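There are two complexes below, and they share chain A, which is joined by chain B in the first and by chain C in the second.
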Partner chain A sequence: MSVLWILFLTGLLAALAGLWWPERAVRNLVRAGLLLALVWLPFVPEQSGFGGLFLMDGFARALTLVGVLAALLASLVGSGYLERTGMGAFEYHALLAFSTFGLAVMASSANLVVILVGLELLSLPLYALAALRYDPASEEAGLKYFLLGAVAAAVFFYGLVLHFGATGSFALGAVGKGPLFAVAVALLLAGLFFKAALTPFSWWAPDVYQGAPTPVTLFMATGVKAAAFAALARVAVGVGMGGIGGAFLALAVLLTVFFGNLAALAQGEAKRLLAYSSVAHAGYIALALFGPDPAPAVGYYLLAYALSTGLAFAVLAQVDGGRGVPFGEVRGLVRRSPMLAGMLLLALFSLAGLPPLVGFWGKYLAFVQAARGGQYGLLAFALLTAVVAAYYYLRLLAQAFFLEPEAKGGLEVRPLAALALGLVAFLVVALGVFPGAVYGFFNVGGVVP
Partner chain B sequence: MIVFNLLAGALLLLTGFLSVYLRNAVHAALALAANFVVMGTVYMVLQARFLGWVQIIVYAGAIMVLFVFVIMLLHAAQAEVGFDPLPWMRPAALAVAAVGFLALAWALGAARAPLAAKASAALLKGGTALALGPELWNTWRYPVLLVAALLLVATVAAVALIRPGKEGA
Partner chain C sequence: MNTYYLLISAALFALGAYGVLARRSAILVFMSVELMLNAANLALVVFAREQGSPAGQAVALLLIALAAAEVAVGLALVVAIYRTRESTLVDDLAELKG
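Up next, the complex of A and B:
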């Protein structure tokens, strides 16, 4: 409960303080609030409240930690971008805090009603954040995200109602059978597939990721995915992976890793490429849901993924001047800023799953779960596509390292942003070499009470 | 009872189609209001009396008035934008809706209400505010609090979207 209060009050104070304080003070307030939540989280005891509607178990704690980390990173690396694009307003930070609150609500419940309200609490600020640059590309991203997000929430709502009709309960883990339950499961999963960007429901992701302001894209790709998978893991395990749920998820994973990786090959824009890569990674994370003990694999993969892709988007946010990041902008990055180029290298190698970086352990754990769940066909297919993925990451890196820069002059990185970038880069390497350092925090047992 | 069911179903479908297909946004909004009123009566017949009145007062009353005001203020009555960006979408959407309708009808027809759902229906005692209030404020207090926060967050997000002073907006 305490973490929810910290996050909500941070957003509330930021929204109020923005009326009188300068943007800089609001920014620091939100960062302090997020940092407080981050350091406090590991000490929060496992608890539940409101008759079980609020459930802060180990899984909730782990995924909330990933989400808060993502929000803090988005806040720290974002301010330079905000000023360059003229959207340096306190609203960005206030909405970011509110969205993080929604993320925590969504992660810490196993009740469908609360998950739905959390989903909306997470999404509403994001729709505004995506459109916050006030240019046509950004507005298109915001509107597209809003329309499709509203449909997805409605689909989830349908599923929730039918789940009650089939089982007489809004709590996950309630036993049901028959066609009504099957339809309910399909609708619940479809609604969450949208948020997690699994393929039949992922067509929005590239447009929205490309059009939204880059720090917002960072948060969407990392924090939102953590929240979506928190709910998805609880729903998938709660309804059981034996029947239609498992078949539906297997089909989605198959399509996701195939289309995500294939479409990424054809991209000439770095944000769009990472958007397709994020779709593909959603497929790899979902693989872990087939295993008998999915919680540690899902949590650790999300941490690894949030660090790696967060680092990549953070680098792009330093390069981006408000018109996106076509390959031309990345070209010759190593001449303009060797530090940023090095971090991009670490991030993309980690995303490709090369040892000894943290991304390797995420993939390893997820693939082990899939194998223990007996999904060998899916696993082999996913491994093949992971090889394809390495090609487009290398292609982006080749632009940064082997070509002459188009734009002249160095890149200015703010001290705090540089500190955040450095810390995340350190974690990408350190957790790759010593994966056990934080694994215990994610090894939490079940996801449904 | 059968007559009411058939009539309500037909009216719901008709007003629903009208609110999607009418060209004038004001007409579509009025069709939606009619839809809400029919929905309210359906709730009442299903023993959810409080919900039925809320549906009529809040949705058909307050929200629809706001809706019509906004349409008038923005001169948005004309829904025609001159071109259809996705012409193949219309038949595809109809097909998906038909398949979804058939699947739902089949699933609901084959379903038997579980004991837990029957028990909670009896607890609601006709769905008056007297029965609903304690349930809402005791068992479901947490989501109600969260919805309060949600409304606040939505307001902040909406105000952030209309921030003045950019490009002469």
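Up next, the complex of A and C:
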């Protein structure tokens, strides 16, 4: 409860303070609020409130932690980008805080109505954030994200209503059967597949990720994914994976890992490539839902993925001058800034799942869950596509390491952004070498009461 | 009796989904989404009456408020885009490809 209050007050104060205070003060206020929430989270006791509508269990705590971490990273690496592109407005930080509040609401409930409210609280600030740069690409990203997000919310809403009609309850875990319940399950999952960017509902992701300002893309790829999977795990386990739900999810995973990785092979823009990679990773995370004990694998994969993708986008945010990051911009990065190039290397190796880095353990846990759930066919297919994925990560790295730079001159990285980048890079390596260090925090029980 | 209302709700939802796919103006796509939301609300109040559940009716009110918040953000976006492009056709949004 206390974390929700911290995030809510941070957003509210930032929105009000922006009217009088300079952008710099609002920025610091939001960072302080997010940091407080992050430090406070591990000490929050497991509790529920409002007659079970609010549920702060271990799973909610773990995924809120991932989301707040992502928001903090987006805030720290974002301000340099904002000033370079002339959008140094306080709204960025205020909207980010509100979005994080929505994320926490969505992660800490097993009630469909609260999840929908959290989904909207998370999404509405993000639609504005995506369009914040006020140029055609950014506006296109904002409108596309909005229209498809609104459709997704409507589909989820209809699923919620049919769930209520079939079971008489908005709470997940209620027993239902019959065709009405089956349609409800399909609609609920389809709505969340949109948010989590699982194929066939992921075609918006590349456009939106590419067009949105890079720090916003960072938050979409990490924080939003964590919230979407928090809800998806609860819904999938709540309605049961035995019937149509399991079949629908299996089909989505199959399509996601296939198309996500295949389409990424043909990309010539770094943000777009990472967008397809994030689609593919959504498929791997969803694999964990087939296991008998999905919560630790989903949580740990999301942490690993948020650190790795967050690091990659944070590096791109330093390179990006406001017109996206075509491969030409990344070319010869090692000459311009060896530190950033090294971090990109760590991030992409971790995303590819190479053993000494944190991404490997995420994949390992998810694949073990899929195997324990008996999904051997899916697992073999996912492993095969994971090998393909290594190719396009290496292709991007080759641009950064083996080619001459197009732009001359070094890159200036602000001290706080450099600190954040360094910390995340450290975590990517340290949690890879000592995966047990934080695993206990993610090793939680069930996801539905 | 309730079945008719549910059928109407399903038809409205299908109409909205068709509008989302077929319409080319951002405003009309958005209105189609609103149609889908209202179809869901209609089904919700029918189910709530059937089960005699005041919670269901209250949730319908809550979600009308949610839809209104969505309208505020969505129309602001459409207006911002219209100012730079003088068009709200979704087909004109083709900067990003790959």
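Rule of thumb we're sticking to: the second predicted complex is superposed on the first by the 449 of 449 C-alpha atoms of A that agree within 3 Å, B and C clash if a C-alpha of one lies under 4 Å from a C-alpha of the other, contacts with A are read in each partner's own complex, and residues count from 1 in each chain.
To be clear about the criterion, contacts are C-beta pairs under 8 Å (C-beta built on N, C-alpha and C of every residue); 3 or more make two chains touch, one makes a residue touch a chain.
These numbers were taken from a predicted model, which means no experiment stands behind them.
> Considering only touches as defined above, state whether A:Glu91 meets chain B (first), chain C (second), both or neither.
The answer is first: A:Glu91 touches chain B but not chain C.
> According to the stated criteria, A:Gly178 is in contact with first (chain B), second (chain C), both, or neither; which is it?
Touch status of A:Gly178: first partner only.
> Is A:Leu124 touching the first partner chain B, the second partner chain C, both, or neither of them?
Touch partners of A:Leu124: chain B and chain C.
> Looking at A:Phe8, would you say it contacts chain B, chain C, both, or neither? Reply first, second, both or neither.
first
> Tell me which partner A:Gly168 touches in the superposition: chain B (first), chain C (second), both or neither.
Once the two structures are laid over each other on A, A:Gly168 reaches both partners.
> Return first, second, both or neither, reflecting whether A:Phe101 touches chain B, chain C, both chains, or no partner chain.
First partner only, chain B.
> Look at A:Val151 in the shared chain and tell me whether it touches chain B only, chain C only, both, or neither; answer first, second, both or neither.
Second partner only.
> Just checking: does A:Leu132 make contact with chain B only, chain C only, both, or neither of them? Give me first, second, both or neither.
first
> Of the two partner chains, chain B (first) and chain C (second), which one does A:Gly49 touch, if any: first, second, both, or neither?
After superposing on A, A:Gly49 lies in contact with chain B but is clear of chain C.
> Touching chain B in one complex and chain C in the other: list those residues of chain A.
On chain A, the overlap between the chain B and chain C contacts is residues 113, 117, 120, 124, 127-128, 131, 134, 142, 162, 164-165, 168.
> Please give the residue numbers of chain B that touch chain A in the complex, ascending.
103-104, 106-108, 110-120, 139-143, 146-147, 149-150, 152-154, 156-158, 160-161, 163, 166-167, 169
> Show me the residue ranges of chain C that touch chain A in the complex, using the header's touch definition.
Counting only chain C, the residues touching chain A are 6, 13, 16, 20, 26, 29-30, 33, 36-37, 39-41, 43-44, 47-48, 50-51, 53, 55-56, 59, 62-63, 66, 69-70, 73-74, 76-78, 80-81, 84-85, 90, 93-98.
> Quick one: which bits of chain A touch chain C in the complex? Just the residue numbers, please.
Residues of chain A touching chain C: 113, 116-117, 120, 124, 127-128, 131, 134, 136-137, 139-144, 146-147, 150-151, 153-155, 157-158, 160-162, 164-165, 168, 170, 206-207, 210-211, 266-269, 272.
> Which chain A residues qualify as touching chain B in the complex?
8, 11-12, 15, 49-51, 53-54, 86, 89, 91, 94-95, 98, 101-102, 105, 113-114, 117-118, 120-121, 124-125, 127-128, 131-132, 134, 142, 162, 164-169, 176, 178-180, 182-183
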